[in-house]
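Structures for review follow.
Two complexes follow with subunit A in common, the first pairing it with subunit B and the second with subunit C.
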Partner chain A sequence: MQAATAMIGGEGDVRVRRGVLAGKALPYLLVLPVLVLEAVLILYPIVRGALFSLEGPAGGLDLDNYRFMLADPDFWRMLGHTLVYTLTVVVAILVVALGVALLMNWSFRGRGLVRSILTVPWAIPDVPVAITFVLMLDPTFGVFNRLAGLLPFIGEDRQWLLDPTLAMAAVIIVTVWKGFPFYALVLLAALQNVPDELYDAARVDGAGPLAQFRHVTLPGVRDTIALLAVLAFIFSTQQFTLIWLITGGGPVDATTTLAPAIYLQAFRFYNFGYAGAIAVIGFLVSALSTVAFVVVQRRIASEP
Partner chain B sequence: MSVAAPSARRRRRIAPVEILRVAAIVIVCAVVFFPVYWMLLSAIQPTEYSLSYPPPLVPKGFNWAAYAQLFADKPIGRWLVTSIFVALLVVAATLLLVIPAAYALSRLHWTGRSAFGLMLLFTQMMPAAVVVAPVLALYRAFGWTDNLVALALLHTAFVVPLCVWVLKSSFDAIPKEIVEAALIDGCNRLSVLPRIFLPLAKPGLVAVSVIAFFASWNEYLFASTLIVRNELYTASLGIATLMTQLDTPLFVLMAAGVVFSVMPVLFYMAIQRHVLRGLTAGSVKG
Partner chain C sequence: MATSEATGRTGASRGPSRRRFLSGAAALGASAALAPLAAGRVRAQERKTLKLMSWEQFQPGEKDGWNAVLDKFNQSQSQYKVEWTGWPASQYASNVVIQAQAGGIDADILMAMPDLAAQTIRKFKFAEPLDPIVADLGITPSGGHAFLKQDGKLYGLSAIDVNFALVYNKALFEKAGVKPATSADEWVETTAKLTDRPNQFGIALTNTIADGGEWWFQLQNFCLPYDGKWAEGKTPLANSEATVKGLELWKRLYEAGVPQGTAQGAIMKLAADGRVAQAFGVNPTVVVLRATNPDIYPNLLSAAPPWASRRSLDRIHPLMALNTSKNVEGAMDFIKFAMQPDIMAELMETNLYVIPPYDLAAKSEKFKAFLADKPWVSGFNEAKQVSPIDVMGDFAYVDDQFGRIIMQNFQRALQPGGSVKAAMDAAQRQLEGLAARI
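Here is the complex of A and B:
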């Protein structure tokens, strides 16, 4: 083993003065394989996709695909569906997750069991989840209609996946079901980190349960909620498999969001140029999400 | 990690509020678990019961012989083996790539470190759908379609960014005093990695392996675009295809789904705490 003269870095980092491995190249050699893999299989395809979108029919570069996209009413409808789906999923996931986390922020017997049950939806792969919900939503045999029939104000035999509004509701319900337990467990961990002393102090000051929630609980988990909002946004804009296998983006285009739209253009209509143009929108959305994530993360890191 | 909730210390008689709370928790669990129950139910009872109206809420009958026969008719076993093969390749490749990268990100000073971190975050956020068409074009040019190793490589590319963060947060938690002592004892910047970091970061390595394995296990979009030959189908792709075949009895489809879900559910239950910490990239305190 090369005996290098070791010097200890200030922040627990390792620095070396001399020796074979002291070269400045070491960190770059360590990350090179990851860099190459990401560059070839993710970054290059992003650029290639953008180039597809700029290819004119004669081979030159032009903006025809974008002109077509912006003039295409289907594109704007797709953006609308994406907005409805994404925002509803984000808000519903956060509200349900916060509610469940508050319910569980209390020591009770069986909490381990509840945690395990909450792990199941996000552990089950998308494909079986889609199959199960397609069965449950079936208008003829589905248990959704049977349960809905028990409620006085809802009629029976709803055509869940054939009605545009209900189909959107259905994919949102499935996405929230699969997504919220993870967020609830993260929020629970955050709630448990709010110091008890703050609650005690608030109680001494005469704060009731609601005031405690507003002035102690919410500020304590605000940053976690912000971070989870970004993650939920990404989770829902990336969503392909659940939507694709449950509705195929239909009926007609009622549940076609960004990811299924790119897929449909590329592999149903073989229009790589137009698919590339929509993919550029998807790229911009995820670039913005990255920025939002970093901003929230920095804010959390900078706090005491 | 496990911190006692505020009310733990103030043990009282059971208050009505707590009864309501328990009731609410039971309802939440029921809602969360109901689809899982439905999946199990339709997997064990013969199809004619699942496809009758109103559907029975408790299992009616169980036909083991028909079960075994139909399971043998569909190549479900082969799909599962294929998925295990691809997922194990992904785990191996991921560990190989992620260990040095996480170390460089966690403990070494270098220009471009934060740019590299940002690149990882950016690729992690990228929806697979954005790159699926160009990737197909690239794979066709390489002659890599219908190639399970090439599919594993793609799965690796998509799971590596997250795994670097998970392992980095695991490395970050190793006290600097231990590393300093090892350096004084004659380790160098590279040999502390296998001698100190890997043994101490075992939970992180397990979490990374589980995340990588099941990211590949669950993946559908790339498998469905890059794999065309039936005999190379992964379980995810095979079961999704069963769904569209009208001759597949429902309980076979559901049973295939259950078999496919058992492993990820058990593993994630075992390591949920580590995964939770890792998935939020160490940015949620605690």
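Here is the complex of A and C:
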């Protein structure tokens, strides 16, 4: 009998232990498919790309691609172009988006229609946007020069995509035009969460529109702006389609940022190792910048 | 046994019953109906599949012609059948090179652009000599095949051949009272006379890095007006006198009558609308212009390149049998089939190819008649064929990278006050760096 009870008790223990184990393992089992998927689709390509960058001509691993890259003036120029493009896009896109969000936050007739129209650039795919802007920026037939001709200090023979400075400006303008609706919509949502009482209190304290903007609006959307800045930085660092289709990285190499450079090295010049090395640097730039943004954001948030 | 034989004989003597007759007829009918199917299945199982790697199956104006060649081969064969594999032209070379670098090309027959063909033969050594086909058919491959030869053996036969010449709009030339130029200086003068910006442009030349592939495709010719080369072996010649003079000629044309900064697609539209007087282009340019605006076709003519040697780049896209294939013999059979005068003449007529791979006009009356009906072909035929490999030296394998360096630096020369010599000196330094890595 005792033996039987012990046996029953033993089976119960096993069941309990199994239940506990199953309970502990269940969350891991549930996330396992996602982890496997991420490992296969994200981690493996990153690791493989990094390994490409370390593959030497004889098949062994070495740092030749990195040595060559660091000594290559073209690489530093491309990195410089990337920073110029990225930082300008981040600032410009957030300024435009915030301005548009403020306008859309006003109450006026037809606001819904205006909001819908403003999202159009974001909804159009990159390729038709690039083709349309290439035609609009054409020095002879483009509408940009027709409009520029109306301004006395610009003249109508601007070689938009042939002049290195103007070409960079052109791709930045297109990137901002294409991307600002997304940022504006997110900022609009953030603006609508700023309590009206704060504006009322500010007005009672005698704050004008600028002071309200500085002391109520901006602090109210600061966290959102920081998050959007991180996103804009990452998206801009990775921008390929618009740059490639509008300028092909030219004129000279004025708009060759890291993304077109990686494409060129890998798929046009077949230098997969070197392309891998540039990609690793691009990944590090994005990752470190993101960390830096987050750290700065936390410091600002913790300030009284 | 005897009984049954007797019974049978007895039965036979009496004649078959109605039921037996019907069942026998049904069995005969069924076996007769199924026999070809069964044989077909056996034949289909026995036929080996040959993979033809190409981009042509994606080309709107050309795939029908090629599909007809494949169909005819498949119908004629009991041993092999050919199927397409590959990618559209823009992704083709990179994908093939990736496979080749990984150890092999997953095909039996390869169609290749010139630089890819050179790599397949010389770098990867994947090509099988095609001399037996040439001997069997008794054909003489065109002069442009030189780059497909190594150690006296021929490793490719042209499937598509495009070469450069001056394509011009006869109506605009007559209106301006000019004739196609025959020298470089005359070319610049003519171009200026034919230009009335923004209504009309003297010449269509691609000039933006965004259209880099097309630009280099044309610009590569400009080492030839003064008999230069881009490289000799591993030595780049970007800043040699002949090359610099050739690029200066390009710059003079650019200033005289090119739609500057205009995208290639827009330039072609201008030309099709009759707003561009001439283009330095390949023979399919005429086909594209005709497709865009059929009315312009009767006005299109061609002239030889306007310099003394008349040399221009000839881009042969050969068919090659891959020695890595398990069916080399089948691959050779297909190439031999495609190169037969009747088959090739029909393909050329369907696809409007005008530069034959060999002395086709002498072997096919049909092709001779087809050419006679194309007055715009004469300039292309007068051009002297030079393969890109002949002017690129060892840089033929890094053609894109070489071109990118040239174009990027050359763009500096196109800026106000820019110097071609200074730009090519800078390009030369970069190319010497590239030479060290190839």
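Here is the rule we go by: the second predicted complex is superposed on the first by the 249 of 304 C-alpha atoms of A that agree within 3 Å, B and C clash if a C-alpha of one lies under 4 Å from a C-alpha of the other, contacts with A are read in each partner's own complex, and residues count from 1 in each chain.
Here, contacts are C-beta pairs under 8 Å (C-beta built on N, C-alpha and C of every residue); 3 or more make two chains touch, one makes a residue touch a chain.
Small disclaimer: the values here were computed from a predicted structure and weren't measured.
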Partner chain in contact with A:Gln192 - subunit B first, subunit C second, else both or neither: first
Partner chain in contact with A:Pro121 - subunit B first, subunit C second, else both or neither: first
Subunit B versus subunit C as contact partner of A:Leu264, first or second or both or neither: second
Which partner, subunit B or subunit C, touches more subunit A residues: B
Partner chain in contact with A:Asn105 - subunit B first, subunit C second, else both or neither: first
Touching partner for A:Pro251 - first (subunit B), second (subunit C), both, neither: second
Subunit B versus subunit C as contact partner of A:Val134, first or second or both or neither: both
Touching partner for A:Ala201 - first (subunit B), second (subunit C), both, neither: neither
Which of subunit B and subunit C A:Thr224 touches, first, second, both or neither: first
Which of subunit B and subunit C A:Leu162 touches, first, second, both or neither: second
Residues on subunit A lying within both footprints (that of subunit B and that of subunit C): 134-135, 140-141, 245, 267
Subunit B-facing residues of subunit A, complex: 1-4, 6, 8-9, 11-16, 19, 21-22, 24, 26-31, 33-35, 37-38, 40-46, 48-49, 52, 100, 103-108, 114-136, 140-143, 146, 149, 177, 181-182, 185-186, 189-190, 192-193, 196, 199, 224, 227-228, 231, 234, 237-238, 240-241, 245, 258-260, 262-263, 266-267, 272, 275-276, 279, 282-283, 286-287, 289-290, 293-294, 296-297, 300-301
Subunit B - residues contacting subunit A, complex: 1, 3-8, 18, 21-22, 24-25, 28-29, 31-33, 35-36, 38-39, 42, 50-55, 57, 96-98, 100-101, 103-105, 107-110, 112-113, 116, 118-123, 125-138, 153-154, 156-158, 160-161, 164, 175-176, 179-180, 183-184, 186-192, 214, 217-218, 220-221, 225, 236, 239-240, 243, 250, 253-254, 257-258, 260-261, 264-265, 267-269, 272, 276, 279-281, 283-286
Subunit A partner contacts - residues on subunit C that touch it in the complex: 94, 97-98, 101, 197-198, 208-212, 259-263, 266, 398, 400-401, 404, 407-409, 411-412, 414-415
Subunit C-touching residues of subunit A, taken from the complex the two chains share: 134-135, 138-141, 159-163, 244-253, 264, 267-270
